[in-house]
Each structure stands twice: as C-alpha cells, then as structure tokens.
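The following blocks contain the structures, represented as structure tokens.
Okay, so chain A shows up in both of these, paired with chain B first and chain C after.
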Partner chain A sequence: MATLDLTSISKSFGNAAVLHDISLAIRDKEFVVFVGPSGCGKSTLLRIIAGLEAATSGQIVIEGRDVSREHPVERGIAMVFQSYALYPHLTVYENIAFPLRVQKLAEAEVRQKVGRAAEILQLTDKLQLKPGQLSGGQRQRVAIGRSIVRNPKVFLFDEPLSNLDAALRGDMRVELSQLHRSLNATMVYVTHDQIEAMTMADRIVVLNAGRVEQFGTPMELYHHPATKFVASFIGQPNMNLVPATVREATGEGVTVELAGGHVMSVPVEGHAAMKGAKVEVGIRPENVTLAEGAGLDITVNVLERLGGVSITYGTIAGGTRFCATLPGDAAVAEGRNIALAVDPRDCHVFDASGKVLRRRQAPALVA
Partner chain B sequence: MTDITAKAVSTRRAVSLSEGWFAWALIAPAMLFIGVIVAWPLAETVRLSFTDARLGGENWVGFKNYQDLWASARFFDTIGRTFFWMALSVSLKLVFGLIGATLLNAAVPGRGLFRVLVMPPWVIPVAIGCIGWLWLYNGYFGLLSGVAQRVGLTDGPYEFLAYRTSAFYSAIVTDVWVGTPMVTLFFLAAMQGVSRELYEAAWVDGANRWYRFRRITIPQIMPVIVSMALLSAIWTFNSFEIIWILTEGGPRGATTTLIVDTYKVAISSQRFGEGAARAVVIVMLLAVFSLIYLFFLNKVNKIYGVK
Partner chain C sequence: MMDRYTWPQTIGIYACILVFLTFILLPFFEMFMASLRPLEHLFRAPYQFWSDDFSFGAYSRMWDTVPLLGRYIFNSVFIATAVTAITMVFVVPAAYAYARLDFPFKNASLAIFLGVNMFTGAVLLIPLYRVLRSLGLLNTYWAMIVPGVAFLIPTGIWLLRSYLEKIPRELEEAAYVDGATRMYTLRRVVLPLAVPGLIVVGSSVFIGAYAQQFLFAITFNQTRAYQPLPAGLFEFIGYQSVTWNEMMAAALTGVLPVMLIFLFLQKYLVAGLTAGAIKE
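The block that comes next holds the complex of A and B.
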C-alpha cells in the first residue's frame, strides 16, 4: 500500500515563494501526473518528494510514515531524470546495477535483479553496451531499469520524454503505461505536455504559479474544469473563451449574450444576483459544427486542413479569436463568414474570478 | 571523340593542378613559420650533436658525443634522477590538484574568493616565487628553519638547500607549489562540466560523498586527469628555472636533471656539441614517453566513453 500524502507543502527560495500550501493524497498504485506551464513549480514539488530539495514547511507521508526529514533511500522512492542521468563510462548492466552496488549486494543477487529489469525493459541484448551506443528510447529504458531494481514504493519521473522526438514519445507513452500496469506501483510523473498527462494519468494535478488548480481524472478535468486556467490548459486546440454578459441567471441555467450578439442559455448553476455580470463562456473547438441556419458568426482567418479535420481559426464580431475543429471536407474557406452551431450543454461559464459555474448536464464523472 | 575526351582530361588536370598550388600557397606561411621556429633549430641541434662545436669552431666527430654519454654513469644517474623528479612532482601536483579542485568545487560561501586565492603561485613570475622560496629555505633568516628551531625540531640553523637530499626535496616542494594551481583549475573546470543530475541520481540511490567522488567524479574527469598528467609531465621534465634559481643543479649534482645538465654543458661550459647530444636524447626520451602515454590516453578515453 504505497500511498503518498502531501500536507501543506510550501517552498520558498529566498523571498520567492514557488509552492503555496500544497496538499495531495495519492492512492496506492496510482499514476499521477503533475502538469502545468514552465515555472509552475511541478518539478520543484517532485524534487521535494524525492528528497532532493527540502520543503520550507509541510509534511510528506509515504505509506503512512512521515519521511519529510529522511534520505531518498529511506523514503523508498526512485527517480528517473529528464536527462536520464546515465553514467557514460559504465555499461548498461553497471548503470542498472548502480543502486545495488551502492547497497553492496552480492553479485548473484545483482545479476538476478538486473536480469529481471532488463527482461521487463527488453534490454537483455544491450547489457554490455555503453549508453553512448544506445538510442534515446533505449537510454530512457536504462534509466527506468535503474529505478526498477531498487524496488521502490514510489516511482518519480521528471519530464522523462521531453528529450525524445515526437514519434518516439508516442511509443514511450504506451510503454510507460504498460510498465505501470505490470509493475503495479505508485508513480508520480511531471510533464508540461497535456497530451502525456491525459493519456497516461489515472489522475492529473494541474499546477499554476505554485498552487494546485485542480486534482482529478483526465475526464473530470476535460468535462468539469474547476477554473478557466484548467479549461484552457486541457484539450487540444485550446478551449475558446468568449466574453459575455449575463442576461438572466437561475439555479437551472444562465442566459448569456456573447460578444458579437449571439444569445444562448447554458445549463449551469447560476444565481439571480449574477444578472448583468461579465463572464466568459468556454466553448471547445471540437464541440461546434457548421450551422444550417443562424448561429455564432465568425470570419475565417486561417484554415488548417489536416485531412480528417479542418482546424479553423477565425474571429467573432468584436475581435475575439475563435477556433473550431470542423470535418475534413467542411465547406469553409479563408476570408469567408460562417455560422457555427453550438450546443449550450457543451458550454462552460466562468465568473470574473475565473471559477467555473457547475455544469448540470455534462457527462457524469468517470470514477 | 578521343580528342574531346583528352581535352576534358587535360582541362581537369589543369584545374586540379592550380587548386593544388592554391592549397600550397595557403599553408606556405605556416610552413615557413614552423620551418624557421621549429624545424631548422631541431635539425641544427641534431647536426651540432655530431660535432665538437665550441666558441672557436667545430669538427665533425660522428657518434663520439653519444658514445661518451652511453659510457657515462653520471649521465644515467641524471636520467634516473630526472624521471624520479618528474614522477614525484607530477604525482604530487595531481593529488593536490584533485584535492584542491574538489574543495573549490564545494558549495561553500566565498567560493569565488578561494578560487582566486589559489592562483598566485601560478600568476606571479616563477623567478619571483623562487626567490621567495630561497628566503624560506635559508638557514639563518629563513622562516622554515626559524620555526623548526623554535619548536625544537632542529638544534640549530638548517640550510635546506645545502644538503643533497633536502635540496632535492625542497626543489620538488617549490616545483609542486608553482605547478599545482594550474592543475587545480583544469580539474575544477572539468568537475564543473559534470552533469548535476548524475550526482542527484546517485544521491537518490544512496551513494555517499566518497562513493560519488570515486564512481562519478573521477571517471568523468579521467580524460582530463590523463591529459593533464601528460602535459604536466613534459613541463616538469623540462622545468629549468626553478632548479636553476634555487640550487643551480647542486649541491654536487643532487638536483641536476637532464635539462639542467644540458644547460651546464652547452651554455656554462660552452661545449655546444656535447650539449646538443644531450638535447637530442631529451627529445627522444620525451617522444617515446609521449607515445606510450598517448597510447594509454586513447585506451582511457575509450573506457570512459570519450570519442
């Protein structure tokens, strides 16, 4: 039962506070991804869990034991670094065996553990090579092998795929997910890439400026973003945020007038006091279609035909940018005006502080 | 048909010929420079070594100078002393350099200041440093002798440079003092090039300070250690001014290395031919030494993953 609990973790470097009061409860065998823009503190948080940095305040509990003041080895964690941190002068075998050599294990035991890790990672025929002779993906696997032999309670990954090219990244995502299933271990993974987060995570922690914006499953984050930041961070292309004014609001729904004059009633929980308030309506590019008749009018500026879909960038009257993912053969052209149909049930409404109004008809939360 | 082909070939040859001339023209200044500065003096030294050249004139004597050297027990003593001098001094420079670089690489407050403070022995002129050491080693007003008397290590004044053994080791100390800063800075630069993540990974794996030093720092900077050892060896082998200022090769030849011996014979005694023979022997010894060394450097680079 390798649970990982963080309680009120804060971190400052001198006067600069980089993490503010972060509390998370990570379950046993869970794959949790920390995602956020660069400088949001995600790597620092991971390094605090690893024991490479000390938290200014707060508590780290692994498997029910407070490890805040303990050495990484005593914490029972293993870490895979962004640069892989392989020792160039050692063979693959010795690189994987490194933690075992530190522990001064008997040669037979080392051989058995390295052999098993190499088998899991399909490195058996590469054991006598030096890291310099391996491809990026293989080096990555050696780095993972070094963490596997430790048999840690929690695996920590610091942007492990960012040095790989796009095609290899896709392959390694799948491999890492499989590895997580076969090792049945708790894993914490840091990335700035929301696709990695969405595809691999059981749950995602979205960090922004040192604070947790939201902690939930990928589908929760997609369908029920808690804030405007999460909404625009998750999903590709980014969610459109259209300024709007509330005409009427009840617990059943909110009627808004979008910039450009389009009016619609969105089924989110509002309250009467909101009338006249400035809000932003979030519409995902993939949730719009070409309207048969009247709809949300946009002027197409740039059209990207990808074959299967046409990504259409335009502006609403008033100048707000708007992106729509339309069918590959959609009858649109650059410079033309088109009307888009938007289902109000797909829309999100964010108040002036960036908080979301709860959606009433969105897909049920996936557990 | 054949005419055209022949013409094409000749044109191509003309082009390649003129290209060849252009290439030669480009490297000519460098060739001339090397010829005047390196090749000619070298050739002249070799020629002189087969003569009995003195101020008055020279006669061709064939291999006589070399035969004399071969028959001279003193000369072999000098060779042995030179290699011992080199081995001891270089080893000490490397050890102190490694210790110094490790300390300077540690994250301590005022690290920048310490890095500057390590440089003076290397930065000030060697002659000035050596004169300072002459005073330190002086038996009557020297600091070392004075302290030794005060604390009761010696009964009276001890003239460090007056006895064969103490003069030799005193010269080594000075040579190490002059040579260590540069080795230190080279090692420090190499250590700073080692990726921080390697240390962090090892730290997470539970490796202690000594283990990280032994299995990460040393292997990572090994190519620099080896190259520095070779350079330092050649410099130390040929180190002249330190010995000359401190002891002039004395007492009774105790600090006479090959380079000092060559100077004494060729310049002090003006026996240019015999001196040249010694110089040629030095060149050959260093060449053989360097070849063996480069062979090992190549091996080391392979082991430590340097291409």
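The block that comes next holds the complex of A and C.
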C-alpha cells in the first residue's frame, strides 16, 4: 500500500514563490501525471517529493508516514531523470546495479536482481555495453531499470520521454503503461505533453503557475474542465474560446450571442444575474460539423488535410480564431466561407474569471 | 564550414605562426647547436653558424664535469611529481566543493585565490624563508615542495572547478536518490568522468612545479644532493671557464622528460581546454 499524500506544499526560491499550497492525495498503485506548461512548478513539485529539494512548508506522507525530512532512499522512492542520468563510464549492468552497490549487496544478489530487471526491460543482451552504444529508447530503459532494482514504493518520472523522437515516444508510452501494470506500483510522472498525460494517467494533476488547476481522470478533465486553462490545455487541437455575451441565464441554461452574431442556448448552470455579462464559450474542434444550412460562419485561412481528418483553421467575423476538425473529404477550401454546426450540449461556458459553469448534459464519465 | 580562409588570409596566418614559433623555438634550437659546438667555437667572431667539428661530446662529458647531474635531473622530476601529487590531493576536494556546494564566502575566497596568483613567488621569498625556517624545513626536499604546492593550488582549483561544473548535475542527483553519499558519488561517478580534466590539471601543475622550482631551490635549499636541475646547472660555471656547451646539453637533457610527457598528454590538454564548448 503505497499512498502518497501531499499537504499544503509551498516552495519559494528567495522571493519567488513557485508552488502555492499544494495538497494532493495519490492512491496506491495509481499512475498520476503532473502536466502543465514549462515553469508551472511541476518538476519542482516532483523534486520535492523525491527529496532533492526541500519544501518551504508542507508535509509529504508516504504510506501514512511523514517523510518530509527523510533521505530519498528512506522515503522509498526512485526517480527517472529527463536526461536519463546514466553513468557513461559504467556498463549497462553496473548502471542498473548502482543502487545495489551503494547498499553493498552480495554479488549473487546483485546479479539476480539486475538480471530480473534486464529481463523485464528486454536489456539482457545489452548488459555489457556502455550507455553511449545504446539508442535513446534503450538508454531510457536502462534508467528505468536502475529505478526498479530497488523495489521502491513510489516511482517518479521527470519528463522521461521528452528526449525521444515522436515514433519512439509512442512505443515507450505503451511500454511504460505495461510496466506500471506489471510492477503494480504507485507512479508519479511529470510531462508538458498532454497526450502523454491523457494516454497514461489514471488521474491527471494540471498545474498552472504553481497552483493545482484541477486533479481528475483524463475524461473528467476533457469533459468537465474546471477552468479555461484546463480546457485549453487538454485536447488536441486546443479548444476554441469564443468571446460571447449572455442574453439570458437561468439554472437550466445560458443563452449567449457569440462574437460574429451566432446565438445559442448552452445547457449549463447559470443564474439570472449573469445577463449581459461577458463570457467565453469553449467549443472543441472535434465537436463541430459542416452545417447543412445556417450556422457559425468562419473564413478558412489554412487547411491541413491529414487523410482521416481535415484540420481547418479559420476566423470568425470580428477576428476570433477558430479551429475545426472536419472529415477527411470535407468540401472546404482555403479562402472560402463555411458554416459550422455546433451542438450546444458539447459547449463549455467560462465566466470572466475563467471558471466553468457546470454542464448539465455532459457525457457520462468513464470510471 | 566556418574555417575557410582566402589564400591571403592563409598566408597571413602562417606568417604569424612562423613569427611566434621562431621566438619560441629559436632558443631551443640555439641551445641544441651550442651543445654540439666545441667550447672555443662559441666565442668565435664573426659568428659562424655551421662548423665542421660538431660533436655530441658535451653530452657525455657533462656527467664528469658535474657528477651529481643525474641526481639533479632525478630531483627535478621527483620534486615536480611530489608537488603535483600533493597539489591534486588538495585540489580535487576543493574544486568539487567550489563546483557543487554552497558555503559562505565562496566567491570571495575564489577571488582571493586568483589574487594570490598575482604575487609571484619572488615577492614572498623573504616571508616564506622565515616560515620555512620556523618549521625547520630549510635544506630539505620539503623546502621546495611545500611552497610549490601552495602556489599551485589556486590555479588547480580554478581549472578543475570549471571542468567539474560541466559534469551534469543530474548524474549526481541520480546517485543521491539511489542512496550514494557525496564521497561515494565523487569516487564512483564524478572522478571517473573527470579523468581528462584531472590529466589537464595534473600536467599543468606538473609544468608549473617544474618551472618554479629554481627560485625555491636557490633560496631555501643549500644541500647539493637535493638541488633540482635548474639550480644544479650553476655548477657548469667554473672558476676559470663556463662550459656552455655542456650546460646547454644538460639543460636539454633535463627538459626532455617534460617534453615527452607533454607529447603524450597533448591530446588531453586540447580536449580539456575545449571541453563543453559544444553540445555533444
């Protein structure tokens, strides 16, 4: 049972506060991804969990034990670094064996543990090579091997795939997910790549400017983003945010007039006082279709035909950019005006402070 | 390619190299020529570059003129080696501390080290003499080794620190997360990776030690058996005549070990001086 609880973690470097009062409860065997733009504090938070940095205030509890002042080894964590941090002068075998050598284990035990790790990671025939002779993916596996020989309670990954090329990254994502299942361990993973977050995570922590924007499953974040920031961070291409004015608002729904004049009633929980307020309507590119008749009018500027889909970048009258993912054979062309049909039930409404209005008819959550 | 030059530029570059090399190498060449000439030819006027009676006789006679010559050469190498070894023992942990740890007056003390280097040993000879006398080290090998070490530590720290700073911090963090202590990390991770840097610093300290021993030898040591070569060369100056050709021969023979070491380590020196300049 390796639960990881963070209580009111704050961190400042001098006068610059990078983390503000972060509390998270990570469950046993959970794969949690910290995601956010660069500089949001996600790596610092991971380093605090690892024990490489001390939090200015707050508590780290692993398995119910306060480890805030303990050494990484006593905490029972292992970390995989972005640059792999392999020792270039040691063989793969010695790299993986390094934590065991520190513990001064007997050679037979070392050989057995390294052998098992190498087997899991398919490195058995590479053990006598130096890291310089390996490909990026293999180096990454050696780094993971070094973390698993010690049987830690919590694995920490600091952007481990960002140095790999796109194809390999896809493969490693699958491998890491399988590894998580076979090791049955709690894992915390930092990335700036929302696709990695969406595909691997049990739950995602979205960080922005040192604060937790939202902590939830990938589908919660996708269908019920708590803030405009989460909404635009999750999903590819990014969610469109169209300025709008509230014409009428009740607990049942909000009628808005989008920039460009399109009017629709979105089934979100509003209140009468919102009438006349400026809001933003979030519409995902994948939730629009070409309209049969009238709809949301956009002028197509750039068209990317990917075969299966055509990603259409355009502008709404008034200059707001709008992106739509249309079928591969959609009858659109650059420079043309098209009308898009939007189902109001797929839309999100964000108030002036960026907070979402609760959706009343959202898709059932994936458990 | 960045290093394409037009032919006038190429000629200019080679001309400059020629001028510099002439200044540096001509004394060595003249030393060698002088060592080959019979003594009376050295004073011949007008100067005659080529003589028919060149011989390597000076190279065998010098051992008779100065019987302790072999000992002097040994002393030179021994003192320089001892200075290098002791200096490295101090420089390695100090440079690591400056590269990685935070402590009060870190930058101030580094600046002071650099400042110390601005004083040549000559300025401090008299105070040093008193210190060594109080410690009872005059007329021992230590009289040349101790000040040698003291003067070479600052440069060593500066050189090695910048090398150690280029070793990725993540490697040490990884070792730390895996439970390794600082000393274990230094021994198993940092030093093996710093070998080229250690060679660079070691050889530059050795050269420094070889070059500076003359001053310390003639001031702090009167014992002939402990004299290094540069001081020992004085014995070629006799009461009636100076056997210049033998002195030149002895000087060249004494410089030879250093030159050989340099030839072997040259590629490390170049690699070390440019390490980290580009992303690998």
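Note that the second predicted complex is superposed on the first by the 367 of 367 C-alpha atoms of A that agree within 3 Å, B and C clash if a C-alpha of one lies under 4 Å from a C-alpha of the other, contacts with A are read in each partner's own complex, and residues count from 1 in each chain.
Everything that follows uses one rule, which is that a residue touches a chain if its C-beta (ideal position, glycine included) is under 8 Å from a C-beta of that chain, and two chains touch if they have at least 3 such contacts.
These numbers were taken from a predicted model, which means no experiment stands behind them.
Q: Looking at the superposed three-chain arrangement on chain A, would you call chain B and chain C a clash or a fit?
A: Once chain A is superposed (C-alpha atoms), there is a clash between chain B and chain C.
Q: Please work out whether A:I77 is in contact with chain B alone, chain C alone, both, or neither, and reply first, second, both or neither.
A: both
Q: Figure out whether A:A85 sits in contact with chain B (first) or chain C (second), or with both, or with neither.
A: After superposing on A, A:A85 lies in contact with both chain B and chain C.
Q: Of the partners chain B and chain C, which touch A:K130 in the superposed model: first, second, both, neither?
A: Only chain B is touched by A:K130; chain C is not.
Q: Could you give the residue numbers on chain A that contact chain B in one complex and chain C in the other?
A: Residues common to the chain A contacts of chain C and of chain B are 50-52, 71-73, 77-79, 81-83, 85, 87-89, 98-99, 101-103, 146, 150, listed in rising order.
Q: Using the touch definition up top, name the residues of chain B that touch chain A in the complex.
A: Residues 195, 197-198, 200-207, 211, 215-216, 219-220, 222, 303-305, 307.
Q: For the complex, which residues does chain A have touching chain B?
A: 50-52, 71-73, 77-79, 81-83, 85, 87-90, 98-99, 101-103, 130-132, 146, 150
Q: If you look only at chain A, which of its residues touch chain C in the complex?
A: Contacts found on chain A: 50-52, 71-73, 77-79, 81-83, 85, 87-89, 98-99, 101-103, 146, 150.
Q: Could you please specify the touching residues of chain C with respect to chain A in the complex?
A: 168, 170-171, 173-180, 184, 188-189, 192-193
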